[in-house]
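My questions will all concern the structure given below.
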Amino acid sequence: MMASEIKGWGRNQMAARAAQELSDGMYVNLGIGIPTLVANYVGDKDITLQSENGMLGMGPFPFEGEEDPDLINAGKQTITELNRTSYFDSATSFGMIRGGKIAAAVLGAMEVSEKGDLANWMIPGKLVKGMGGAMDLVAGVGRVIVVMDHTNKHGESKVLKECSLPLTGKAVVDLIITNLGVLEVGHKGLHILECADGVTPDDIRAATEATIV
Amino acid sequence: MMASEIKGWGRNQMAARAAQELSDGMYVNLGIGIPTLVANYVGDKDITLQSENGMLGMGPFPFEGEEDPDLINAGKQTITELNRTSYFDSATSFGMIRGGKIAAAVLGAMEVSEKGDLANWMIPGKLVKGMGGAMDLVAGVGRVIVVMDHTNKHGESKVLKECSLPLTGKAVVDLIITNLGVLEVGHKGLHILECADGVTPDDIRAATEATIV
Amino acid sequence: MNKIYPNAAAALDGVLHDGMLIAAGGFGLCGIPELLLAAIRDAGTKDLTFASNNAGVDDFGIGILLQTRQVKKMISSYVGENAEFMRQYLSGELELEFNPQGTLAERMRAGGCGIPGFYTKTGVGTVISEGKEVKSWGGQDYILEEGIFADLSIVKAWKADDTGNLIFRKTARNFNPPAAMCGKICVAEVEEIVPRGSLDPDNIHLPGIYVHRIVQGDHEKRIEQRTVRQKETA
Amino acid sequence: MNKIYPNAAAALDGVLHDGMLIAAGGFGLCGIPELLLAAIRDAGTKDLTFASNNAGVDDFGIGILLQTRQVKKMISSYVGENAEFMRQYLSGELELEFNPQGTLAERMRAGGCGIPGFYTKTGVGTVISEGKEVKSWGGQDYILEEGIFADLSIVKAWKADDTGNLIFRKTARNFNPPAAMCGKICVAEVEEIVPRGSLDPDNIHLPGIYVHRIVQGDHEKRIEQRTVRQKETA
């Protein structure tokens, strides 16, 4: 069976799996895309979401007609506040990120290496939009959790011995959650912690270029 | 006539002279002692006083019975606020000092050198209390104005070729106001800008160890 | 001390010159100094370098100065959402210095606080670290980043009093305080000027010492991505 | 997530150990964590290093820990007003590291913001610069100062909500926010705990992310120098 034929988890299942990594009392930063969905699966855990443009305690999207141009998240989407919310400036916001006060960040990725290197901001020769806050987040937060498809649209592994794209951070990733399962970044390579529904460890090995120990 | 016999200006006259250096719209930090008196002589100039423990817009002492333990100045005295007042933390306060946002500081001194070196925090072998915010102020503010007696209690010049006491700052003083007059720190030495009442330039030269050009 | 100016053009009078470095507040289109940017466009000042997290969109924010070719260089963390930007950048007309977002914010604050350099681990092992001094603490490498010292700061606040004390609203605060701190001159545009004494001294977000000129005006406050949820029907 | 503790001793349970570095808020006797200092005295923890602008007076503030010989070292800018301090210092029982006040505040903020070092011109050419790296920008020398990374922060605020959002009152804010930021664990004592949602999100002085434990209690709030003016009689 070709790795590219294996489906494993869908977007929501990956998000739900990432949510399991979060525990009560944590302050967490969620990236754009699948990571945003993680908020739907925290259940009754007391999680406070940071938006790096200057907010702790990010609430859901507003109801139609209640959008506030002064209240957006880091993806520039209109959002709402909660009864725990605080606002602050960008220097303070990244101070808490750089200072390790954010327990975890859940981010998407283009590539991850077996050493925990992360590439998610730039494809040379293509339109380059910038790293935004990603480099600060991966350098600063307590735990970096990557959520992404295991392979790209050509069926090639995105979990590599070495990243081929320019890095967002070096040796920063702690956990990789893909449609095929969960991999932990260890000192000597990756460990398979869990396989997605209908996926075997061998399926993961077959779909992975990086060293799995 | 011995320098030590010359009186020149009193404390309030020195403070009044220092106040002439301040102009409309300035943010100013006043040290303890004679510098504090400067506030009495700003007239209708729009001066905002900073207290480096975290306040802009320092008001006068409170009326009896209205003292607030949460409202003190850098000399730990109870004070009041004004309708322009803002409060902030110590890192922000010294950020504005270090960042050159305070136009002028008026400070007392033990010794000043002809190069603008200032010593006002420590006498070796004596009780050492610490520099507090003095080193930050002299390094950071736009203009450092020293107000002090021209000579010490032994009649010795406090305006020297070189300071003998440990420095608060090197080449930081712009203007020296003493009981004898006003001296500006120039590239090649001190310039007499003004003599106190009944004091001649020769009196100042006689009372000064530093080079006056 | 009169800090209040009748309009944005007056508030910028005498402080603009070709080739200057301007630090601008705002994140995306949120909390941007839209009136001052329009006034800079009208003034025609050229060869500008902007330290600003974003570059606006084609017809709003710094984007309007890209259309008129007034910008020589951007120091930014993210410049998507702007086709004209990309065209000028790819054709070599526009210089671009990418800064990680937190590094950019801290560089502004540092400049305002008299700190010419600071160490951060953000960007270690990436292109951002190229050519920068590296120093280790506890076995971890950090790179030296420099404070930004701007010729001019332009910021947008919610309310000001006439002494320049500013308050911001919700996430429109963002880069405005650090941007305001790092300029030799800071001009602030606000939605409302309130009487002295009506802002709570404990809740001034940016003390008036940082703000040299103030202008009040109507703001479009455009929303970049309108996202909503549906009210559940009972 | 329960951050509220019944008393200062409970709030410090498990976080004290001999030889630790504690960052404390307060300026003079204003805004000091008086309940937590008393609890540390009662806990008997020894060989403490305090990063604190001042050392209290003989019978209040950090002074009470000097009386019990629990302090090994002070990192401070000003230690006057404390005879016992001077006695221990002159006899060699107590180490003292003087920091300029702004350098101390910035070192705390830097530690809290993941900045291990920054350059400042404060102290250049003085004893403070001895043994420190020097670097020049624009012909001006700056010295390298290091971030403070404390084992514990103890601070005093006016009000807290149960998520740890804090607000301070007037000049009692002072070193409390930077001190709170630089500790692995931060314990805050407050005059009042208010319901969640009753603090204005725009006016939180220190977000709850920095605050791990909260205790409410009565504060003496001693005045160090009572200065007054006379009411003019009409």
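For clarity, chains are labelled A, B, C and D in written order, and residue numbers in each chain start from 1.
Please note the rule applied: a contact is a pair of C-beta atoms (placed from the backbone, for glycine too) under 8 Å apart; a residue touches a chain by one contact, two chains touch by 3 or more.
Bear in mind that the values here come from a model prediction, so they are computed numbers and not experimental data.
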What is the set of chains touching both chain A and chain D? C
Consider the two chain pairs B-C and A-C; indicate the one with the greater count of contacting C-beta pairs. A-C
Per the centroid of Cα atoms for each chain, what is the distance between chain B and chain D, given in Å? 28
Please work out the Cα centroid separation of chain B and chain C, and write it as a whole number of Å. 36
Distance between the CA centroids of chain C and chain D (whole Å) is 32
At least two other chains touched by the same residue of chain A: list those residues. 81, 87-88, 94-95, 97-98, 140
Taking each residue of chain D in turn, which ones touch at least two of the other chains? 106, 109, 113-115, 120-121, 168-170, 173, 201-202, 205
Can you list every touching chain pair? A-C, A-D, B-C, B-D, C-D
Residues of chain C that touch chain A when the two form their complex: 27-31, 53, 76-80, 86, 98, 100-103, 105-106, 108-109, 120-128, 158, 168-178, 205, 221-231
Can you list the chain B residues touching chain D in their complex? 51-55, 60-64, 66-73, 75-79, 81, 87-91, 93-95, 97-98, 117, 127-136, 139-140, 166-171
Would you mind writing out the residues of chain A in touch with chain D in their complex? 24-25, 27, 46, 48, 50, 56-57, 81, 83-88, 94-102, 140
Flag every residue of chain C that touches chain D in the complex, lowest number first. 106, 110, 113-121, 135, 137, 142, 146, 167-170, 173, 200-203, 205
State the interface residues of chain C toward chain B in the complex, per the touch definition above. 1, 109, 111-115, 161, 163, 165, 181, 196-197, 201-202, 204, 207-210
